[in-house]
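All chains are identified by letter, namely A, B, C and D, in their written order; residue positions are counted from 1 within each chain.
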Amino acid sequence: AGTMLDKAKKMIAAAEAKAEAIGVPMVITVVDEGGNLVAQHRMDGALLASIAISRDKAYTSVALKMTTETAAKLAQPGEMLYGLNTTDGSRLVVFGGGLPIVYNGRIIGAIGVSGGSIEQDVSVAEAGLAAW
Amino acid sequence: AGTMLDKAKKMIAAAEAKAEAIGVPMVITVVDEGGNLVAQHRMDGALLASIAISRDKAYTSVALKMTTETAAKLAQPGEMLYGLNTTDGSRLVVFGGGLPIVYNGRIIGAIGVSGGSIEQDVSVAEAGLAAW
Amino acid sequence: AGTMLDKAKKMIAAAEAKAEAIGVPMVITVVDEGGNLVAQHRMDGALLASIAISRDKAYTSVALKMTTETAAKLAQPGEMLYGLNTTDGSRLVVFGGGLPIVYNGRIIGAIGVSGGSIEQDVSVAEAGLAAW
Amino acid sequence: AGTMLDKAKKMIAAAEAKAEAIGVPMVITVVDEGGNLVAQHRMDGALLASIAISRDKAYTSVALKMTTETAAKLAQPGEMLYGLNTTDGSRLVVFGGGLPIVYNGRIIGAIGVSGGSIEQDVSVAEAGLAAW
């Protein structure tokens, strides 16, 4: 139960806790099924670029129905979707940190994290997702 | 004490409570001294357009060092800054709901609220500001 | 019953029939609850500008939860939301032709029509809405 | 005989039938000789990113007078048109799914399909083209 914003707050809180444990400030975004922002937090000291990147990682995960890590594999030079990142207003991020939120077998939103290495971003996003 | 994000969370929580009391879902954004987003929450049912508008109301209040209500007066046809809203990447919002955060006589950020009438937006922003 | 696309096709067909009866070619767009396009048809001879305008009229009606005729009243110089049309990426259209689709008391999408006078656009949009 | 919109509807209907047979929801766009949209349908469940991508695949096929599969070959790193996808407002899509419509030896428009794998997109576009 609870609103989409309530759930987003829980997810972002869990993600922030993980980022603090790692020691890397992050920007965390949650979007809804239509790709529209629900909530975004920028931890003190997080990279400014991560504001747009975390938001677009979340958007990408909903708009392509895949993690941005998967999009990364498909979008490399020579691969099937090379050039993906310049489509759709250049909103599609093709490196990891975006995860769809799956509920009852349907993608109902996504979480996007940016601020550290891809491995760190993904682990923080996973911590957020686990709090859904 | 506390980080900018801690303060932003307090402000947004107070703004959300006021919006719930009014009965109008809102989008609330806090930006820092550089005009960069610190936190944004979209309450369930809030207008989709309010995502960009609340963010840009906050940006405007920092970028012009004034409330967006004041910007509104200056930007009307025939007034001193007519045309203001199409400058700076069209990010400047010229209707009320954006308030600078003043600390020790300096503007250190801003809060922007969108989702209701201007009067409602401003009262919610004031509630948020009071929680600084 | 039927998918959102099925319903959009019915609405657009009814709108096209009305436009043909009026004798003015139109562009008709239907968007969903998240403001994302479901279907768009441009009748032969319709204005090129109407491609973007009808799409943005539909977006505006969802994003502001009002007809674009109402937005027009609010956005005039000296009125409460003067400057509205340059916010949200300049996607908000402030003249008539966009109508929300209301189902069970909730806005679940919108139809936008462009190509004639505002009166003509609105009558074609209403014909489309009636076919929901 | 028939208008451009009539023909576009036939093409899109054939493409939708193919997409249903494959079991993958798609977004299908037809543009005219000037690269301007004639019609676009988004099937229920199709990727949100496919709205822009299918439209731009169609535009690309007219604007470069080639399939987007051909553009893909030319645009890879080290190849003749590397960097193509960031020109022309980043509208040029460099992976398959866009096909020109050729009539009497002239390109009079194009169809663009997005939503599945490139192989699936192309087969759906070909089904649409066959209905011209």
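In this text, a contact is a pair of C-beta atoms (placed from the backbone, for glycine too) under 8 Å apart; a residue touches a chain by one contact, two chains touch by 3 or more.
Small disclaimer: the values here were computed from a predicted structure and weren't measured.
With steps allowed only between chains in touch, the distance from chain B over to chain D comes to 2. With chains reduced to the mean position of their C-alpha atoms, the one farthest from chain B is D.
In summary, the pair chain C and chain D forms a contact in which both copies contribute largely the same residue numbers, shared numbers making up over half of all those used.
Looking across A-C, C-D or A-D, the interface that copies B-C in more than half of its residue contact pairs is found at A-D. A separation of 32 Å divides the Cα centre of chain A from that of chain C. Mean C-alpha positions place chain A and chain B at a centre distance of 25 Å.
Taking each chain's centre as the average of its CA atoms, chain A and chain D sit 29 Å apart. Annotation for chain D: residues 48, 51 touch two or more other chains. Taken as a graph of touching chains, this assembly has some other topology, since it is neither a line, a ring, a star nor fully connected. Annotation, chain-chain contacts: A-B, A-C, A-D, B-C, C-D (touch as defined at the top). Residues of chain C touching chain D in their complex: 3-5, 8-9, 36-44, 48, 51. For chain D in complex with chain A, the touching residues are 47-49, 51-53, 56, 72, 75-77, 85-86, 90, 93-95, 117-118. Across the complex, chain C meets chain B through its residues 34-35, 60, 62-65, 77-78, 80-84, 86-90, 92. Only residues 32-36 of chain A touch chain C when the two sit together in their complex.
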